[in-house]
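Next, two complexes with chain A in common: one pairs it with chain B, the other with chain C.
This part shows the complex of A and B:
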């Protein structure tokens, strides 16, 4: 950055240099000076609504004739003039030579007055408020409030404890009108869940009428954003005080984005899941699925190992598993894509070194689709981003949220292309969209590759006929892509047989797009679950001889054909909705071993049930779709007689002499690092934002 | 339900603004002039025509005090309650109106003729006290003058 795009100023006597346009609040943050705030939030637009971030601001006096700073005649020091009133530091732009004071008597008095004013209508019944202990207003009142109140009038009475949908409880009296919730909803989520009504002291948030919150995907974030107890979580409310929670850093198991979480557990119960700031992945947000879908951690759990429906000690369960599998040929392991790397690594060792003729299948299309060749940041700084049958709003919601934010800022356009009845919300919210004839994704990709090379009339007509997309629209898209510095393309899940042709079409398209562009073009297929990529890195792939004819889940065919003798299922519920023939085939197996957390259709069919700890109870690592390695630290102990997955599989390994010594996450990670060059990162410390280990 | 004619007038408004949502307020005004007040259904229908969320539209409608969100009388009397008028006897005028009409602030006479409310400064301090009846300003009020005005309006 050139020198004249920077400005130098002093805050509380500390000199600093910041880019022009920086506001005083983030500048102060950058040198560790914390100015109180309610409405300001680094990921939202600047508003200046709450007025609590007052500071004194002094500017150097400039001689109008010369444009030079005026110097004091005697001392030769520059002369300063204070701005006439206290200034809100969140809106005030840093200017050259500015002096800011954040801790003078005048500032403290101003701040206290504002807090007194905010409290004029705010109920003072913190002991019965669920926000107590993490309420920014409570903290600021204790830290810099006036400690007394001049208002003797009665407070305004508003609606209390009103349910907004199933998940949010609104208390209008507590709202201090900071607009964080409505700003988030309009600047990021494009969801109108709340609107402000009335004015002045009577301002209240009201639920919007049109979109019932049931459809909202991101509204839960407003609970974290609320600086007071106006918005609280129906699920967390009154279940614990925040200081009682053992907060640990976690990783979300729900999709391939792998949002950073804070897991709040207490006395063996997972009380809440919140986002943890990670600007590379999820900014300050998570989707409502990630936030609320954790009841299974408590409900319907397998709490102890069982053999033939009877609870047994772990020794018996391990012995029985090993003896049931050891001398059998043709064993398949079916692994859920949200299975941790450590468990996957040990499973791979157990299967390939310990058992005869076995193969591992992960329940996703990753082997067919290949890894996606870009990061979330790559996509955010691409334009346009073309989504071909990729409903990222449902499948990778936070990726959509981050791209939507860029789109709302006008820095990116999202173009959604898919079958007419596919993803109506994604299409409605996209910058542009087109209806593709069903089953024509590959034709579209091939057509785009042709058109980027040459958009002549005959090619346009042909591609338009094949895909059902109007020729004019296609021409517009090709022109936009050709003019773009950095286009990106995401293809979603496809029918099994279409991955191979889609990949070769994508290769062609990428090559012609890349042509003379400096920035690498990001185009690929984005499928898989939370750890699809990590499981491949640790070796959980079908053996070459078992890969079959390109079918995604050949274990089902093998099972139906009678080619399997035993099945190990790790996580998930692959036999949910299984056909009667498949269930019959499963019953014919010599054994079905289930390693998982919950009772479900699969566990009910299992002869051996190995009860494992949930994602909140075991240490683990995931690798997200970008190739980012992240670790999760348990907030609770494994419930009852459950064990972390890595300990269970580790004991299976130990029984066959494939593992020696202690079975901790660290020991397994060290062993991983010793096994292969690509697994070396597991032995190194993993930072809070994760480590990029593959690209 | 908005009449077809009103819908046409509201659609015509959309072209006058760079952003269609700017037409919300004049559209509300048209609907209020036609119905006497701005009903929740009217707000939703206008929101649909203008292309904004109904929640957003009702937020706008509730922000401005001159939209009547509940039914009002044929005439709305707004007595200025700001400093100059108060010093010149606005409170006496208000009490007189209450007694004469037999209603309190925010209420409507049983025959539906008058609604009574107060307003902030009407920008006519030199002729205080003043009141606004519908769109007309009445100045230098005395209780007798108020009686004359009410009689003229058919009260």
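This part shows the complex of A and C:
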């Protein structure tokens, strides 16, 4: 950055240099000076409403004639003039030579005034408030409040404990009108489920009249954003005090984005799931699925190993598993894509080195689709981002949220293309969209590759006929892409047979788009679950000729054809909704081993049930769609007699002499690193934001 | 004594119709601006006239217009602030009702000067007659080819739309007005960017008061020098104008006339147009003085946001600078004379109630402080005082002062502090006796 785009200032005597346009609050943050705040939030627009972040600001006096700072005759020091009132540091821009004071008597008095005002109509029923202990108002009051209560008039009464949809409880009296919730909803989520009604002291946060909260996908984030107990979580409320929670860093198991989490467990119960800041992945947010979908960690668990429906000690379970599988031919393992790397690594060793003629299938289309070639940041800085049958709003919600934020800022456009009845919400919220004739995704990709090379009338007509998209619209899109510095394209899940032609069409399209562009063009298929990519890295994939998707997955066909003798299922519930023939075929197996957390259709059919710890109870690593390795640290001990997956599979390996020594996550990771060059990163420390290990 | 410029013709029958207005030379300024002057020349003329905003802040109008980047490819807008809602202020209403075509002409010239093809008038919802008069004037102008495509045969296309507010004082604050106009909850925006950079729909926008714009046709028609021939112009500005050099600051410059809204228990309250610099006592005289048996005690010289000043300032010439020097401001030009039968505690309560009710709720000190202040003063006025209440009032007032997001909140302490300073014995009496020393309840606020 050139020197004149930077400004130098001092804050409480500390000198610092920041880019022009930086506001004082983040500048102070950057040198560890914390100015109190309520409405300010680094990921939201600047508002300047609460006024608690007051500071004194002094500017150098500039001589109008010379443009130079005026110096004191005697001391030679620059002369400063204080701005006429205290300034809100969240809105004030840093300027050259500015002096900021954040801790003078005057500042402390101003701050105390504001806190006193906020407290005037605040119920102050902290003992029965769910936010108690992590309330920013409590903290600020203790830190810089007036220390006494002069307000003795009657307080305003408003609605309390109102259920908003299934998940949020609103207490209007506690709201301090910071607009964080409404700003998040409009600036990120495009779902304005809260709005302010009335004005002045009667300003009150209400569920929006037009947008019902029932359909919201991201509204849960307002609970974390709310500095006070106005918005609380129906699921977490009153289940624990925040200081009783053993917060640990986690990773979300629900989709390929792999949002960074904070897991809040207490006495064996997972009480809440919150986002953990990670600007590369999820900023400060998670989707409501990631936030609320964890009841299964407590309910309907397999709590101990079982053989033929009877609880047994782990010894027996391991013995029975090994003896049931050891001498059998044709064994398949079916692995859920949210299975940790460590478990996958050991499973792969167990299957290939320990069993005869076995293969591993991960329940996703990743082997057919290949890895997506870009990161979340790559996509955020692309424009336009074209979504071909890729409903990222449902399937990778936080990726959508981050792209939507950029779209709302006018920095990118999202173009959604898919069958007429596909993803209506995505289409409604996208910058632009077109209806594609069902089954024509490959035709569209090929057509785009042709059109980017030459958008002549006959090609346009042909592609338009094939895809059902109007020629004029196609021409506009091609023009937009051709003019773009950095276009990107995401294709979603396809029928089995379409992956290969889609990939060659994408290759062609990428090559012609790349042509003379400096920035790499990101175009690929985005499928898979939380650890699809990691499982491939540790060696969990079938032979190339045994790949398929959905109902045509080869293990299902092999099972129906009677080609399998035993099945190992790791996580998930692949036999839920299974056809009677499939269930019959499973019953005909010599054994079905289920390693998982919950009772479900698959576990009910299993002859051996290996009860594993949940994602909140075991240490593990995932690699998200970008190739980012992240680790999760358990907040709880494994419940009852469950064990982390890596210990279960590790003991199976040990029984066959494939593992020696202790079975900890670290030991397994060391072993991984020794096995292959590509697995070396597992031996190194993993940072809070994760480590990019593949691209 | 009065000098009718903005109000010129207001007493001529039919002046609100286009025929009579044109018979008296109406729309000739527009013709001149379109055919004989470039937009820059128009802006320069307004700049050198020294015209300052009549909405309250007194910002130099020509300077505001110069901030508009005419070369910007996005649309530019002129937004007319007709939300007149400050207690005591009713002169814009008088202007719109009596000389609507002068307002329209001023808007059209402003559009030409800044390159706007669209102007919006944001009209206070309650002003039904103004709405009627303005709509009629717009229609008449349209039919006369003064509005629409190719105005007066030039290549200037322009249109004016009228928008009615829904009753909030904050909508008069220019950025809250823009939010309201865009269909949002009216709350002031962060500045910068100023409306001139990013105003309506993020485009360069001039926001001007009705009276400000009604001055424009006269300046264009008669020139800056003519405009400066009355009032209290600063000679330094005249000197700078002759050399074309930068003015040494418009601070003490108050040229032209001002339309005052004069109220109080007067014999002849109303709207008066006098040259800037006219002494307050002369305005008092025009309004017929106080009614029989009443004595002058204080004056609010510039609308309810302006601190009250004592009768010792009775001879003060009314200019931007003199009132600032006296610790108050010329503001919206609403002069309220306060008599000895008006309870100063009640007066403060009345105004604080207004601000509390009108607070937009965006920022803490105005939203919460206003309410607290009202509750305390209400107790004092209603005889439920507690010990320490005066200190409490001062404490709340200090808490609000200098910390609000916009000028609305900053106005809350003004009437209170000035009432406390001018009438300490009245407040003290209330505190000690729980009743009013004047006992003038029939004049006081009800409810």
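By definition in this document, the second predicted complex is superposed on the first by the 685 of 695 C-alpha atoms of A that agree within 3 Å, B and C clash if a C-alpha of one lies under 4 Å from a C-alpha of the other, contacts with A are read in each partner's own complex, and residues count from 1 in each chain.
By our rule, a residue touches a chain if its C-beta (ideal position, glycine included) is under 8 Å from a C-beta of that chain, and two chains touch if they have at least 3 such contacts.
In this text, all values refer to a predicted model and were calculated from it rather than measured experimentally.
A.B. asks: Should the superposition on chain A be reported as showing a clash between chain B and chain C, or a fit?
C.D. replies: clash
A.B. asks: Quick check on the superposed pair: does A:49 touch chain B, chain C, both, or neither? Answer first, second, both or neither.
C.D. replies: second
A.B. asks: Have a look at where A:153 lands relative to chain B and chain C in the superposition and call it first, second, both or neither.
C.D. replies: In the superposition, A:153 touches chain C alone.
A.B. asks: When the two structures are laid over each other on chain A, which of chain B and chain C touches more residues of chain A?
C.D. replies: Partner with more touched residues of chain A: C.
A.B. asks: With both complexes superposed on chain A, which partner does A:110 reach: first (chain B), second (chain C), both or neither?
C.D. replies: Once the two structures are laid over each other on A, A:110 reaches chain C alone.
A.B. asks: One more residue to check, A:13. First (chain B), second (chain C), both or neither?
C.D. replies: neither
A.B. asks: Counting only touches as set out at the top, which of chain B and chain C does A:120 meet: first, second, both, neither?
C.D. replies: second
A.B. asks: Mind working out whether A:192 is in touch with chain B, chain C, both or neither, as first, second, both or neither?
C.D. replies: A:192 contacts chain B only, not chain C.
A.B. asks: In the overlaid three-chain picture, which partner chain does A:208 touch, first (chain B) or second (chain C), both, or neither?
C.D. replies: So A:208 only meets chain B here.
A.B. asks: Could you look at A:67 and tell me whether it touches chain B, chain C, both or neither (first, second, both, neither)?
C.D. replies: Neither: A:67 stays clear of chain B and chain C.
A.B. asks: Chain B clashes with which stretch of chain C: 24-32, 420-428 or 438-446?
C.D. replies: Answer for the clashing stretch of chain C: 438-446.
A.B. asks: Which residues would you name on chain A as touching chain B in one complex and chain C in the other?
C.D. replies: Correct list for chain A: 196, 198-199.
A.B. asks: Applying the document's contact rule, which stretches of chain C touch chain A when the two form their complex?
C.D. replies: 168, 170, 185, 190, 356-372, 375-376, 379, 386, 392, 395, 398-400, 402-405
A.B. asks: Can you list the residues on chain B that touch chain A in the complex?
C.D. replies: Touch residues, chain B against chain A: 44, 47, 53-56, 58-59, 62-63.
A.B. asks: Help me check something: in the complex, which residues belonging to chain A touch chain C?
C.D. replies: So the residues of chain A in touch with chain C come to 46-52, 54, 84-86, 91, 110, 113-114, 116-118, 120-121, 150-154, 156, 176-177, 196, 198-203.
A.B. asks: Quick one: in the complex, what on chain A touches chain B?
C.D. replies: 192, 194-199, 206-211
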